[in-house]
Structures are given as C-alpha cells and as structure tokens.
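Right, one structure below, let's go through it.
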C-alpha cells in the first residue's frame, strides 16, 4: 500500500487563480445534526468553510441553527426535513456530506433516502457516521454519484460485512470495488481505498482520538473536493493527510488536539502547503 | 479608471477628535438575515461595530437575536418585521444597510418596501445582495436618499440590464448615472462608480473568494460612512480598499481569509492607517 | 477637582489574601437586558466576572440566557420578572447593577420598582442607563442603599434637572448631595461626584466612543465594589480609571476599543496593578 | 497528610499509546445544568473534553443545548429528564459527573435518584455541588459505584455532619470511610481523602476564588479518570493538582483566573506534563 506524502498535499493545494470568485471554489451542502448530535454537523460545516469551500450550506435540525451561526456566520442553514428546499439546493451543489450527527432514527432514514433520490451523477457524496450505519442496516441502494464512505472500523464492518480481523488491504479493496465507491477506513493509520489503488496515511497520532475528529475530516474532504476538482483522487488523499498533519503540528504542544482547533488551523496550514 | 490608493485610505481614517462621544461616530441600522441566512447580517453588523460606528442596531428575524448577541453584544437587535419599531428607529440613523441575508420572498419584499418609505434624503442607504435582486425584479422605485448599491456582477446585470460582457466602464458609468446612486460592482477587481468618477480597487486576492465577504463589506462601508461624514466619496473608496487590504495582509499567512477574520482585524488596521 | 491617578488604582487592587474563597470577593446581581438590548447586560455581567467578583448572577429576559451562557458560563441567570427568585437572591448580594439594556417600558419600570423595594441599606446599587431615565421620568423615590448613578450627560440632565451648559462642578456636586448618592457623569473626561469630593478621570480617549462602553463600566464598578470593600470610594474611582486606562493601552494598537476587548483585558491589567 | 506533587502528575499523564482510538480514552456523561445554572454544566463538560476524555455527553435541561454547542461542538447533548435515553447511555459510560448546576428542586432530586438506580459498580461517579446537598438533605442511599464527592467546606458539613471547626484530617478521614467514597474537600488548600490515605493540594491561590471553579474541577476529574484507568487514585490526585497548577501559571499574569481559561489551557499543560 502506498503512503500519502506531504508532496502530494503540496501538489493539490495550489495558489488560487486570481481570476476567480466564490463560485470557483465550489458549493458544499452538509446534512446532519439531530437534536442530540448538533455539534457534529457544526464541526463538519466549519471545516468545509475553513478549508476554503466557496459557499457552504448546512442542512440540520432547526435547534442547531443558532449554535451554528454563533460559531460560524459564514454558513447558511436550512431545515434538513424541508424537502422543498433540499430539492432546490441539491442540484446546485458540488459536494454533499451526509451523516455527521444524523442519528439512526426514522427521521434520519427519511432524510438519507430523500437525499439519495436527489443527488446527481457528477456530485461528490460523502457518507459518514450514522448514515453509513443506515446504509448497511437498511441495505439501501446507493445513488449514482461520486461516493466516498468514511467509516471507522466498526462501521466498515457493518458496511462491508468484514469482521475487524478480516479487514486486510486485499479484502478491503475487494469490498471497495463491490461498492463502487471510495472508502476511507479510519483508524490510527487510516487507509484510503480509491478505485485505482489503496493508500495509507502515515501521519496522525493518538492526540486525535477524541470525539468529533471524523466529523472534522468530512468537512475538509468536502472543502478539498469543492476546490481541487481537476485532481479528485489526490484531493481526497490530501484531505486525509492534512487533517492528521495539522493535528501532529498542534500535538507538539498539546496532549489532545480538538477538532475545532484543527479547523482553526486550516487556513494557515493550507497557505504553507501552497508555497 | 483611477485606482484607489492606500494614501486615500490614510487621508480618510483620521485620528478621532477627543471632544467626541459615541454619537459623533454615527448610528447604523443593518437590516437582513432571514431564517436561513442569519449569518450574513451578523457579519454585516459586526463589521460596522468593529470599523468604529458609534451605535449599531440590527433588524433581523428574531431567530437570529441569540446568535448575534453571542458573537456581538455591542449591537442592539430589533425584529425586522416590527414596523412600529423601524419607523421609530430609522429617522435616528445616519446609515442603513439593507440586504445581507434578507432573501427574496414576500416578507423580504415587504420589509424592503417599508424601509424605502421611511428612509430620508440625507441618509446613506446601502442596498446589497437579495435587496438588489428585489429592486431589479420588482422594478421598485428608489427612495430619495444617498444610495449605494453593492452588486456582484450577476446582480449588476439584473439591476442595470447589462449582460456580463457588456459591463464596460463606460456602460457601467452610464447605468450608474441613470440610477443616480453609487454603484460598487464587486469582482476580483472591484469597480466603484461614484457620481463624479469611476475607480478601481487594485488590491484583494482570491483568498477573499468565500461566502459572506460581501456582507462584511457592507458593514465596513456603513462604519466608514457613519464616521467620515465630511468626505463621503472618499470614505466609500476607502472602505472598499480597506476590506481587500486587510485580506491581503491576512493572506500572507492564510489560504482563505474569512469575513469574521477580516472583521476582527479592523481595529488594528484602522489604527495603522490613522498614523 | 482632583484627578484620579494610577497610584490610587494600585492602592485599591491589592494582592488577594490566600485565606479566602469566592464568597470573600462578593456577590453581584446584574439586572437588565430586555428583548432588544440583551447585549448590554451581557457586557455588564462579563465585566463583573472578569474583574474578579466572587459570584455573579444576571437577571434578564429569558431570551438572553443562551447568548449570555454562550459567552460567559461563569455567570448564573434568572428571569428578571421572577419576583420570587429576585426576592430570594437580592438579600444575598453585595452589589446590584440595574439598568443596562433594561428599557423604559412598563416591564422595566415594574422591575426597577420591585428592586427598589428589596434592596438593603448596606448594599451597593449601581443605577445605569434606562434605569436613570426611569428614575427621573417617574420621579421615583430612591431606596436607602449605597447608590451610584452612572449617567451620561443627557441622562444627568434628566436626573439633576441641570441642562448641559449648567453642568458645572459646583452645580453637579450640589445635585449629587441632594440625591445623596455617588454620581459618575460620563463624558470624554468623566467626573465622579462622591459625597466627600469631586474627581476627574484624566485618562481615556475617543477610542472608547462606541456602544456598550457604559455597560462595561457598570460591571467593573460592581466587581471592584464587591472585592475592595474596605475602601469603597477609592474602589469607585479606581474602576472609572481602570476602564479608561485599559482602553488607552489597547488604543495604542486599535482605532476603536470595544467593550468586550476591555473585558478580556481586565485580569491581566489588574495583575499588573496589584504588583 | 501527604502533599500531592508535580512528579505524581507527570507519572499519571503518560504519552498516549499510538494503537488507540477515542474509545481508549473513555466515555464521560456529565449531568446537571438547570434553567438557571446552565453555565456550570457547560464548564464541567468542556473541562472533560479539553482534558482528553474520548467521548463526552452532557445531560442537561434542553435550554442549555444551544449555549453548550456554541462553545463546545465536541460534546453530545441529551435531555436530563429523558430516562429512556439516560438508561441507554449510562451503561456505556466510564465516568459520570452529577451535580454542577443541577439545583435542589424536585426535578433535580428525581434525576439524581434515577441516576443512582442506573449507575454500575465499576463506574466512577463524581457527585458535586447541589447533588451533594441533596444526598445529605434527603439522606439518599448511595449506589454501589466508585464514588467521588467534591464538596466545599459547607457542603462537607452537610454531608459529614462535621461542623467547619470539626473538619480535622482525622475526623474527615473517618467520615470518608463511613461514606466508602473518595472525598475532595475544597478550600484554599484542598484535601483529598482517598480510602488509602489523605492528601493535601499544595498549589493554587486566591486567583481561583471565582464562580465555576468547582465545576471545572469535576470535568478534569472526569477526563483524568476516563483516561488514566490503571492508576485511579493517582489520577484523582493529579486532577486536583493540575487544576490548581494551571491557575498558578495563569496567575503569573492574571489577577483572577477564570474556569474557562483554565479549560483552554488544559491541552498544553498536559503536553508539558507528559514529557
């Protein structure tokens, strides 16, 4: 398995063309955050904004609107149960994230199913957290889109049917091909199964082992996919690496590195990588 | 077309007279922020406060009161549908901003129309975002006031009838004169059409290409117009330049510069310019 | 008129006795913040906490609970219309602040009148903003307590009956004696009328001329009165001076100094003064 | 009585094993925060997250969800009156905190009693603030669990029956043994009564004498107990010491050190101790 390198991140994060506007850097819709897990979608949405996505909208439970805006006025909000609004918004998007804090109840399932009916072939669709569990549990048919799953090892077991001990690179790659989606299996050495090859993330540490770290990753993935459209696979790998490398840099001075701290560090990290 | 210079900004931002009080630095009312776009009016209002306006009130949907106060206790809030309150407040104002996050629905239109009936000749009225779209779409008659439009190129097309390819300096200036308002056409090289002349902003970069950047500009415009009353045209130009120059300074270390970061940097930037 | 000095501030802010607990540093109740002016009481309450008051409770409209806690989890909250709770809390207090963002409607008047029935002789009662207007307008009888008024010049006119041009030191002092309260007349050179003498604040600048600055002062006054109980008059003078001197220090690098920035700077400023 | 040392803290806070994930660092449930005291549970929960607990959920009054998320999206929230959810969550936990901002009314008592029926033998249960008062006042039977009480001296009087003057080390230790729980008696020199021995905290200062400091301690205790499971008693002592030592470090530059500032400083402090 190849290892992702900083050189690859530097190749992806290029200086921005001056003749550009916010539309040039993509539109992202994050979907999740129920009455109990609102923080997850706040972190995902924040990471998308701070990694440079052009325009970011968050579809969530209305209870989360105020906390999201108090932290992040840069994002727009919409009720994740408002199908009329979602049907209008989704076609405008370059990247969708579904799952952070979504939950696994009937409301969550209905939202997930509805999004699956609306998403389009060319769109990136990042499926995370409880949305992975729902896909596995309800044996949902995946929409035709550019799908990226971001399971941790237990969610990957549910999705692939591979028990932890069976999650070898070969079997994971086979499961990825059956899914016809990119799969990012998160662990202390995250593995990325692209259609073309499997990659391992050599950076990151146990300072990242804290709640919300995966939600943060979904936002960085969304931001990178929204901007670096000409090198989609490299953008995915770069997002995984960047997320961990920022933590490593913070961990020189911190015992635990919180997702919100990684988010705050994104603009400066990306500037360094773009030089 | 003349280029705005830092020298002009320095000429506008003068040390404050000691014999002054908050009333000396003007009253600003920002109007916008519906149930989906509350962040926009939070950023506009924050930029007005941080650029030094004396007293700032935000008229918005009540759902946004808490997030605004959580970020910015310095501002007052009022329900943007409360016509009694608006009718009482508007005559006290030096500058009004209408549009950030206002939306284009019937509520938005009713608010816009009502504000147009209340605004007075001597007041600065900054019309932004969806309010521009409404003015164009509903062919609203403009009130007699000191109007400043802040369209991006698509909104300018709606307002002026000029397709993107036709938006030449000469045609833009002609359209500006027909409107009898100042027009700030936002792009990667923003152009300012004053009644007297057209100016180009030579600073700024693609690090500004992110959601909310225009909302931030409306607040800086409001703050500058509220304070630098003896040099109104120069104040408008200085606001446009300052907004971009702060981003340029942040972009030495950041890949993207967020509106909230530009807002935070205003007091220190203005101190440097005032020396 | 004597001028307050930094030496006086240094005399007031003594190192804390080690054999102390939060009760040693006083209990403060801030009362204000209606549906439109919630930010004012957030700033007053924050300033009380950051200046070192032992325990701080904020009585405000319930709509402000969330924004207050989002900024300041250190304070407790109570509905300012809940007379049962207020009647239980007030006797425990060392200092009360009433007025920031209270408004002048019937609700505000009822709260003010109720507080006047509950406050006790030994308690400091800081009356600010709209509460001053209500006292003047409704010719309310003042309770017997250690009262401090913090009017700006227009409010002082309403309270004293002295037109702006008549507000000379001698007439102000005479009006203060009639009120039997300390009066802090805020202007670009704030004057403090103690029962014993009149003092002028020699520091501060127009960088303070921004909304909420007076709310911030009420909280510093409350914090100082709660802690420095053995030198009440000096504590009042020190609070006025500290508020302005912090702004002066920030203004070396800022064009405008916001109340929330002054609040954040309090713990470090006070450490410097205590050495 | 032995004194806790920095060496002991350094022994507890070991570099994290790389082969770990968030589950390795424990699950914490904080329970408290009624309609008036929401800030207390926000601080407790934040301290648990910033001290490195793997996954943290806060059970509180729904009115506190938004302010908690606005400050701390890393935590999950649940209605503290939702017994179905609590019954499902509690068995998954390694550490529970009950009491910060809980209050002493019937709702608080019902929650406390319910938690006592659900908690399990192996779980750490930190009982703080009003929960201590309720245990004492209602003479509640303690559940079989790893209980830690964190009373200040008045609460300890209520719980132990020992008047302040009687609270000698010997009598305190005897009372601790009768309770069969660890007791942390908070004062300017906090004492920790473990089953095995009594310890005194030699650090900390009057800069800590401010509201919410105890709430902050409960979160650090929870975070340390969740992570440092093989040395439970040392983890408790280390938490008490760390809480005060961080304040001492901040107090080199601050007159008062606020709980939220101590929380922010935790990740860097712990990194220093782990080297």
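Letters A, B, C and D mark the chains in the order given here, with residues in each chain numbered from 1 onward.
In this section, a residue touches a chain if its C-beta (ideal position, glycine included) is under 8 Å from a C-beta of that chain, and two chains touch if they have at least 3 such contacts.
All values reported here derive from a predicted model rather than from experimental measurement.
In the CA-based superposition of subunit B onto subunit C, the rotation angle is 90 degrees, rounded to steps of 5.
For the self-contact between subunit C and subunit D, the two sides draw on mostly distinct residue numbers; the shared fraction is below half. Chain centres here are Cα averages; for subunit C and subunit D they lie 34 Å apart.
Each chain gets a centre from the mean of its Cα atoms; for subunit B and subunit D, those two points are 48 Å apart. Across the assembly, subunit D contributes residues 66-67, 70 that each touch 2 or more other chains.
Across the interface of their complex, subunit B is touched by residues 13, 16-22, 24-25, 49-56, 65-70, 72-78, 85, 266-271, 273-274 of subunit A.
Of all the residues in subunit C, the ones that touch subunit B in their complex are 35-40, 42-43, 46, 63-64, 66-67, 70-71, 152, 187-188, 205-207, 209-213, 251-261.
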